C-alpha cells in the first residue's frame, strides 16, 4: 500500500521547525522589538530596506528565510553565515561584521540567551488547560486548585497538595502526601512519592521520583531490606529528564537544589544532596550520600561513588569515574578522575611510549610478550 | 504456605522456549519446507529414516529433541553439537560435517538469518486484534483505522493520524498531531509527542520520544529554558528499545534513519541525526547535533559528544568516549576514542611498563611514589 | 503569590526522616526490646537514668534526639558520635566506648543489619490494602486472590496467576499468561510480559520485564528481527530497580537468581543468567547469554559483553568493561577489566612516567609531539 505520508517521513531533513501541528505561534514582530526582548543591540541590514519589515518565526541558518530569525552560537557553524537567507540573525559581537549584507542582526554578548528569549516570544510555553480530566482518580483530601490541568488517567493520592497553574500529564501518579508547588509541569507517566516539590519544577515523561533507595544488609538467609525513611526534596525551578530516577533518602532527605537541571536517564541515589544550579547530563549517576556544592557540572555518563563531597563549580567530565572528594572549581576527567591537564598528558605519554615500544621491534600487537 | 508454583519458578533452567502461555505455534513442517523458507540447503540425516519426518518447534542445542529445530551460530558453542538430540540443526558450511549422524541439517552461509526465518515460521508475530479498548481516550480529529489494535488506557491526541494494522499498547500516549505509519507496534507505556513515525516502526515499552531536549542558557537569575521547536522523525522499519529516550530537535529535527535499531536505555539528544541501518546498543548515548552516516554501530555504554560527525560503517566500541569526528569505516574504542589496534597496544604497553616498574624494586602498590 | 509551603521545600535539610505524611509508625520501644530485635547487646547509658526510658523513632546522628535511635555504620562518620544527641546508638564493638555518656547503645558485629531490623520495627512495610480498584481491567481467566491489592488503571491479562498478598501498583501491566508469586510488590507503571515471578519479588516503578531481546540478522534488505521465544524467570526474593529493563530470552530463559538485587536503570540482555544473591548496581549492563555465578557483585555503570561466564563471588568494579570470563572470587576493575591491584599499579605507573616526561623538558601539554 503506497502511502502519501512516505515523503513527509523520510524526505525533508531540513524542515520541521516549529511545525504548526505541535507549536502555537505569536507575532509577527519587528527587529527592534525582538532586539529589546533579547536584551541585544539591533543592527539594521546594510543592503535592504528595513522599514516595516517584520519577522514571523524562527529557523536554523541553513533554511531560515527573509522573514525568519536565526542565530549563531557555536563558532563551528560560522561558515553557515555566508550562505544564509535568514532575515535577522542573533550573533556575538565578534561575528557582527560577518552577517550578510541583506540580513539584520541582533548583537548580544550572550547570543544563546538572546535566542532563547526571541524563540520564546514566538512560541510561548502553552498555558495549562484548566480542569480535571474525567478519567483522573483524585483521592480524598487532595488539594487541586481549579487553575491546574490534570490529564487522563492521572492518580492523585490522599492528602496531596498541588499549587496553582500546575500541569499533571496523562498517567502521572502522585503518591499520598506529596506536595507540589505552583507552575509545575509534571510529565506523562511520571511517578512521584515521598516527596516535596517547589514551584516551577518540571519533570519530564517517565521520571521516577521517591522510590526506595538501594539499601540492604547481609543477613543469615540472604539480603535484608533496610527501610528507606527519608524523602525527596526538589527545590524551586528544578528540571528532571525523561526516565530519570531519584531515590528517596534512607535516614535523611535526598535534595535537588534550586535551579538544577538533570537530563534523561540520570540516577540519583538515596541521601544525595545537590546544591543550587547543578547540571547533570544524560546517563550520569550519583551514588548515595554524596554531596554536591552549587553550580557543579556532571557531564554525560559520569559516575560518582557514594559518601564523597564535590565542591562548588567543579566540573566533572564525560564518563569520568569519581572515587574521592573533588575541590571547588576543579576540572576533572578520566576513571579514576584526575585533572583535565593530567588526563590528556597521560594520553599523550602512553601514545608516545606505545609507538616507541612498537617501533623498537618489540611486540606491540596487543599480546603481552612478558 | 507451600506453593506448587515454586518448582516452575526456580527449577527448570533449560526449559521455557516458546512456552504456549506466551507464544502461538504453527506447523509441523518438513525439513525440506523449512530449508526452503530459510534459504538454505537441506542435508538429510545419515543414520535415520527421513521419510515423513516433521518438526513441531524449536529449541536450544542443549534441550531440543528429535522433532525440534536448533541452530549453531556462535563458534564457541560448537561443542554442543556432539551431545545434541535436536532433529534438525541449522549450521554454516564449516560445521555441516560435525552435525550428529541422527540429525538432519540446513546448511546456510547465513545461519542466523536462516534461523530467524525458521523460528518466525513456527511462531509468526501476532497480528493486531482489531478494535479500540473501551477505556481508551481518543481525542477529536484523530484518525484510527478499524484495522488497528488500541489497548486499555491509551490516550490518542487531537489530529493524530495512524496507519493501517498498527498496534498501540496499553497505557501508550500519542500526543497531539503525531503521525504514525502502518504496521507499527507501539509498546505499553510509550509516550510519543512532536513526532512523525514511518511504517513498521517498533517502540518497546516505556520508550519516551519527543520530549524537550536539554537546552538552557545562563541568565542573570539562573538557567533559562531554550524552547525546543523541532520534531522527532523516525523513518521506516526503525526499532527503539525499552525505556530509551529520544529528545526532539531544538531548531531542526532529530532523525532516526530507516532500518536503524536502538536497544534499551539509549539516549539520543536533540537535533541528532542517524543515517540508515545504524545500531545503537544498550545504555549508549549520543549527544545533541551529532550526525551518524549509514550502518554505523555504537556499542553498549558508548558515549558521543555533541556536534560531531561519524562516517558510514564506523564501529564504536563498548564504553567508548567519542570526542571528535570519526572517519567512515573506522573501528574505535577507548575513552578518548582511538583505533582498536592502538587501544590494545596501549593496554599491552602499560602492562609491560607497570610490571617492569614493580619488578625493578619500585613501589607498584598503587601509591604514587613520586 | 507567596506560599507558606516555600520554607518546607527549601528550608530544612536535616529533617524529614520518617515524615508522618509518608510513613506509619509503631512503638515506643525500650532499648532492651530493640536490642533483642536487632540481635545485639544492650549497653545502658553511663550518665543517664535508664529506667522506663523508651524510644519513639529513628534519625541520623546529626539530628536524632534523646528519644530517638540512630546508628553508625560507616567509619568515616565516626566524628559525628561526639556531638550527637541520639538517645540510643547502634554501633560495632570497636565504637562502643566512643558512644557519648548520655546515650545508650546496641553493640552489634553487624550494625547495619541491626539497624535495618530496628528501623523496620518502628516502620514496618505497609500491608496490602486488599481489593481491586474499580478502574482496573482484569481479563478473563486471571487468578487474583482477594488478599491482593490491585491499584488504579492496572491491566491484568488473560490467564495470569497471582499469589496471596501481592500488591500491584497503579498503571502496572501484567501480560497474558504471566505468573507472580505471593507477597510480591509490583510497582507503579511496571510492565511484565512473558515471565514467571517467584514469591516476595519487588519490582520498582517503571521496570520493564519480558520485552523482546535485541536480536536481528542481516538480511538482503536490512535487518530481520529474530523471534525472541524464551521467557524471563525471576526467582524468589529478587528486587529490581526503577526503570530497569530485563529482556526475555531468545531460545532459553533469562534468569534472575533467588535473592538478587538490581538497582535502577540496569539492563539485562536476553538469555542472561544470574545466580543467587547477585548485586547489580545502578546503570550497569549485562549483555546477552552471559552467566553469573552466585553472590557476584557488578558495581555501577559496569558493562559485561555477551557470552561470558563470571564465577561466584567475583566483584566487578564501577565502570568496569568486562570482555572475557572472570574467575570465581576475582576483584576486577578498568576497561578492559583487570585485577584491582594491577589497575591501580597501572594508574601509578602512568602518572610517574607522565611526570617524568613532562619534567624532562618534553611536551606534556596534551599534544602528541611525535
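The chains carry the letters A, B and C, assigned in the order they are written, with residues numbered from 1 in each.
As a working rule, a residue touches a chain if its C-beta (ideal position, glycine included) is under 8 Å from a C-beta of that chain, and two chains touch if they have at least 3 such contacts.
As the structure is a prediction and not an experimental result, all values here were calculated from the model.
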Numbering shared by both copies at the chain C-chain A contact, with half separating same from different: different
Copies chain A and chain B - rotation angle from C-alpha fit, nearest 5 degrees: 120
Euclidean distance of C-alpha centroids - chain A vs chain C, Å: 26
Shared-contact residues (touching 2 or more other chains) in chain B: 135, 153, 171, 189, 206, 243, 258, 265, 283, 301, 319, 335, 347, 350-351, 353
Partner chain A, residues of chain B touching it in the complex: 135, 137, 153, 155, 159, 161, 163-164, 171, 173, 175-177, 179, 181-182, 189, 191, 193-194, 196-199, 206, 208, 211-212, 214-219, 222-227, 229-231, 233-236, 243, 245, 247, 249, 251-253, 255, 258, 265, 267, 269, 273, 283, 285, 287, 301, 303, 305, 307, 319, 321, 323, 335-336, 341-342, 344-353, 355
Touch list for chain C against partner chain A, complex: 1, 3, 5-6, 8-10, 13-19, 21-23, 58-60, 62-63, 70, 74, 76, 110, 112-113, 115-117, 119-120, 123, 125, 133, 135, 151-153, 170-171, 187-189, 204-206, 237, 239, 241-243, 258-259, 261, 263-265, 277, 281-283, 300-301, 318-319, 335, 347, 350-351, 353-354, 357-358, 363-370
